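The same chain A turns up in both complexes below, where it pairs with chain B and then with chain C.
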Partner chain A sequence: MLTSAILLQLVLNGLAMGIIYSLPALGISLIWNASGLFNFAQGDLLTLGGYVMLSLFSKLDLPYIPAFAMTVVAMGLLGYALSQIYFYPMLESRVNPQIILIGTVAFSIFIRNLILVIWGTTPQTYANPFGSQVMQIGELYLMPHVIWIVSIVAVLLVALQYFLRGTMVGIAMRAVAQRQTAAWLMGIRNDRMIALTFLLSTGIAAVSGVLISPIIPLTPSMGGMIAVKAMAAVLIGGLGSFGGALVGGVAVGIAETIFAALVNPAYRDIFIFAVLVLFLLFRPGGIFRAQVSEKV
Partner chain B sequence: MSRVIVRRGLLMAIVLILVGSILCAGAAPKAYRIAHLAPLTGDASFQGQILVNAAKMAVDEINAKGGINGVPIEYIPVDETSSTATGIEAVRKAIALNPVAVIGPNRSGTILAAENLWKQAKLPFITDGTNAETTRKGNPYTFRIQIPSTYWIPILAHTAKEYYGVKKPAVMYGTNEYSKGLWDATAPALKQYGLQAVTVQTYNDGDRDFTAQLLKIKASGADALFLYGYEAEMGIILRQRVELGMKDLLVFGERGCASPAIEQIAGRANIEGLVCSTTLSQGDPDPARQAFIKKYSESFKEALSPTHVNHYDSIYILADIIKRVGGDSEKIRAELAKLDYVGALGHYQADKEGNLVHTIYTQVFKNGKWTLLLQEDHPVNR
Partner chain C sequence: MAKLIALLRRHALLIIALLLLMAPHVTSQYEFYVVERGVQNAIHVLGLLILIGYSGMLSLGSAALLATGAYTYGILLVKLGLSPLLGAVLAVAFTTAVGTGLALPAFRLAGPFLVVTTVGFGEIVRILLLNLEPVTGGAYGLAGFANLLPDPNAVYYLMVVVLFLVAVATERIGRSRLGLALKALREDEVAAQVMGVDVRRAKMVAFALSAMLAGLSGVFLANLTGYLSPDSFTSAESATYLLMVVMGGMQSVVGAVISSLVITSLPEVLRFLSSSRLLVYSLVLLVYLRLNWVRTRSLSTWSGARMLGVLTGAGKGKGRS
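On to the complex of A and B.
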């Protein structure tokens, strides 16, 4: 029945799917690291990035790289604006984080319906820039985009890790996340740090959206599904850990694919969220237990 | 003196009221109101817009020609939403608009949950859910401009067996009312043609990876796949089939699979050879239907999907009935129950369950475009 080649193919495709969860998981981890917040609109910012790319690349016929760069810059600026209009004023006036969270849910609904009005309702996609021809290695089949996305995620991961741990600005960002008043007293401009966090995380959401949309068709509500899985990936991998985001995403992707094949595809999502509950109960720090209070 | 004036005033008022009421009773209504429930937001919203476009096109044509006996149609789309819970509220809203008849809802789940509401309101609803159960509730006000899966799937099984020599079919369907209804009709249809499914796979709406199911189909040695679901999922499945080296697996689908969204999501090259039975074939050479396709494509930015345009004819069916019997909902219901009407897109006949059964077209995607394979009218069980 299920030969070893087919099992290996399952793992491979699970990995390909998992990488797609890892990308937005990185963004979620970054926001947590740098502001101690969750942004429920992260998935919808990803969708918006995909749609902006659709307009620039597919409708305006710009070349891939410039269109990609313009999308990331435009979305980064949106993230900046968002932090100035919403997140920073809320944090500054010491609003309860749960209330800030609910505001992001509203923003998520706003983006979905904005997309619906601007781009319409039909699922859309554009040509896969990494090629749509499948590669055959023995009995295994692999799409070229998998290799590309894995590489891009790896580069992002290393860069983020270096930025947050190795540079002055990164350390300042983390300091703001841990204790705003103390950071302020140390001469750190909190508003700038929070603006930078959202600029970066929205930029990452745009990168995810651009990379994902040739694989998963753009629909106004697509971000919801991806964000929920990415959220699970972050919590399973370890909140605040970039390595955890990557490993968590891949673990979720492989586990759900294997479960769907061996048990029942209808219960795939139930299975993932049951695993998440088990993690929260028995290992709340995730696979990579992130230190909650470290000195920065 | 003043009393006389008051009396005269009263008399005049009474005369005015009497004359007024006689005039009103004799005159035709200002407009015939038709409400249309379609999913305009949420996951199914891309269908909703096409449903409304097609109906709106017919309304505009009729109103441009002076309406029904000089009375225009007042057409009000109502957002059915993509969820059953809010869909029920939308049905209440449509009924509260006090229309002569309602088109929709579109989703089987909403129809099953809300059908009692229009039974109580005594309003005819021309629904288009695909689940056969929707017309089996003994509700005389439920009509359905759809062909029951039990008529539809045998055509597909017949095509697979006779035209393509399929021996080992696999089945894959989404776990929604629509696709489950199709699966329920598939096993007996395959049996009728001496076939049996070698494997049956399911998936959830919103899933974006189908590796597990496709690889199990590969392992089963199937030579064809009967695939049921909505556009986004079916498009990805068709593409992933090629990405997993299963290009030779024939795929048979119905209605939704001829939607342009599938062509876009899967990629044109990945749907070559796809066989699809629909309510309208884009490749149909018939001039009336080609004219419809041309006019639709020029009028709207949403691409035409053959599955969702039958409400163009629904409006003409209602207009034809209202022209003969007027705006009385009960009379409209009685006429719908014995419908036999030739519209632009097909021939419609009511069966005893209230299905407005129409012509079925089977088409294949060959050399980059849809080509008509078969055209069948079903014997109707009255």
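On to the complex of A and C.
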């Protein structure tokens, strides 16, 4: 029998997963805004972040917080390098977007197989730093990592918003996203700003990769599943919209948890895709009505 | 010398077909199986060439269409007891219908939106294959269906003939009214529409042709392996087919056929790579894309990929924006 308590419990369970989806979704959205490039490798960058954390925290025995910080910084720098060495030169020579899209798909396969070669196929996990003592609040059961994930991500998002709105660099980045030529004429280095966007996107994907570990074990192919959900999230929420990525991710996480519990866990992903296709067909701009119509 | 190369290039398809027809006599049983798979993949990749190369609609769900063709054939034969020929015809027809259905989202969506839709389609098909166990055999796979022709070599000869006909047709489509319409779409949809291209019809035909070839290739795949499992139709497979199209030059029929044959047999040549096969493929693809499409004069003139392009007449789409 579906009581409101059970429903609330499902929403809570879905929330943690949804937040994990919304960070790579946000990354996809930021990069799309800055460069018009849809990054298919975002999910695999997330997985790579998770595995780097595994090595630093579990194999090298670093404390949790420094390991977390090092992972995010390392992944961010990787994103910066990716943009400077690979994607920006392609954007600059006005390569057909389709070719760059294929490039990101190739990166996704490359990273996935790199992980496979380095860390192997067996699902891996490490000690849950937030403790595994279940908390009970009224009729609700809550894992401590859910609270931690929500609060860490909330702080991260506030900081990100401040960075994008309040600092010169953030404003320069948004200027590039709005109109590259005009920004360039104002003396903004497009290549650096786009690389910085990649740095941010890869960094927050890595945050997601680190936080995912208490929820599901790490596998090399995990990124594919998450990328697919993140892409669905970003399109449902509205591509290019900050809030859209977050709302989309959380909506996907909650919807799939409720569907899995009440209808059929095997067809969970099909349900998400069906919702996505309905959105694409009837509201292509997503919830937040991003601009998708082609500019003539 | 130049004349000889020109002559070879003009008849490249015929030469490849003749070489393939000799294959059963000069290869060992295992090598022959690899060649068979190469021919079967080439049929599928030619379909993708129409969709991705000609019309610029990127699909990452192609393995799912292949699966639709293969499974439909298998299910019709095993569960309904149809004759192989009827099963094959119905399988191709059904796959074409499904693929044409995929064109519906393509009417309104472009670029990444369309790609995500095809990824979704691929995942949906894979999940259905895994979970509809009474029909598809689920994770255990599906086996026990008869071949199109009783003699396995006859199936191979049929495949080579089909490949040759499909290749010639694809080449002609590329130069036909339809092909030009598709290429116009790829460059600029609005401009194409203004020039009188029926955008919807062109997209639908591109999807239908590509799905038809995927279905055909799927039927042959079922014939070759005699066993179907959802594992053979993952998104990694779709990515490998995409690789075959891209490495073939995205425009050239001969290039697509050669790259399908080469990439299919590559794992056998590069045995030592075994588990890191896809790692190397994707790295090669990344380097190829970077060197072939970024205008740095000194590098791009000497990239090996470009040399292949010279041989196959591919790479004409270079530098388009």
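As a convention for this text, the second predicted complex is superposed on the first by the 282 of 296 C-alpha atoms of A that agree within 3 Å, B and C clash if a C-alpha of one lies under 4 Å from a C-alpha of the other, contacts with A are read in each partner's own complex, and residues count from 1 in each chain.
Keep this in mind: a contact is a pair of C-beta atoms (placed from the backbone, for glycine too) under 8 Å apart; a residue touches a chain by one contact, two chains touch by 3 or more.
Note that the coordinates shown come from a computational prediction; the quantities given were computed from them, not determined experimentally.
Trainee: Putting chain B and chain C on the same copy of chain A, do they fit or clash?
Mentor: clash
Trainee: Could you say whether A:R179 touches chain B, chain C, both of them, or neither, answering first, second, both or neither?
Mentor: Neither partner.
Trainee: Which holds for A:R94: it touches chain B only (first), chain C only (second), both, or neither?
Mentor: second
Trainee: Touch test for A:I216: chain B only (first), chain C only (second), both, or neither?
Mentor: first
Trainee: Just to be sure I read the superposition right, which of the two partners does A:P284 touch: chain B = first, chain C = second, or both, or neither?
Mentor: A:P284: touches chain C, not chain B.
Trainee: Using the touch definition from the top, say if A:D269 reaches chain B (first), chain C (second), both or neither.
Mentor: both
Trainee: Taking the superposition on A as described, I'd like to know which of chain B and chain C A:L116 touches: first, second, both or neither.
Mentor: both
Trainee: According to the stated criteria, A:R192 is in contact with first (chain B), second (chain C), both, or neither; which is it?
Mentor: Neither partner.
Trainee: Of the stretches 223-231, 259-267 or 277-285, which one of chain C hits chain B?
Mentor: 223-231
Trainee: I'd like to check the shared interface: which positions of chain A are touched by both chain B and chain C across the two complexes?
Mentor: Correct list for chain A: 113, 116, 266, 269.
Trainee: Any idea which chain A residues touch chain B in the complex?
Mentor: 1-3, 6, 9-10, 13-14, 17, 113, 116, 120-125, 132, 134, 136, 141, 143, 216-217, 219-221, 225, 253, 256-258, 260-261, 264-266, 268-269
Trainee: Applying the document's contact rule, which stretches of chain C touch chain A when the two form their complex?
Mentor: Against chain A, chain C makes touches at 52, 56, 58, 60, 104-105, 108-113, 115-117, 119-121, 123-124, 127-128, 130-131, 189-190, 235-236, 239, 242-243, 246, 275-276, 278-279, 281-283, 285-286, 289-290, 293-296, 320-321.
Trainee: Once bound in the complex, which stretches of chain A touch chain C?
Mentor: 32, 38, 40, 86, 89-90, 93-99, 101-103, 105-107, 109-110, 112-114, 116-117, 224, 228, 231-232, 235, 239, 266-267, 269-270, 273, 276-277, 280-281, 284, 292, 294, 296
Trainee: So in the complex, which bits of chain B are touching chain A?
Mentor: 40-43, 45-46, 48-49, 175, 201-204, 206-209, 211-213, 215-216, 218-219, 231-232, 235-236, 242-245, 260-261, 264-265, 267, 269, 301-303
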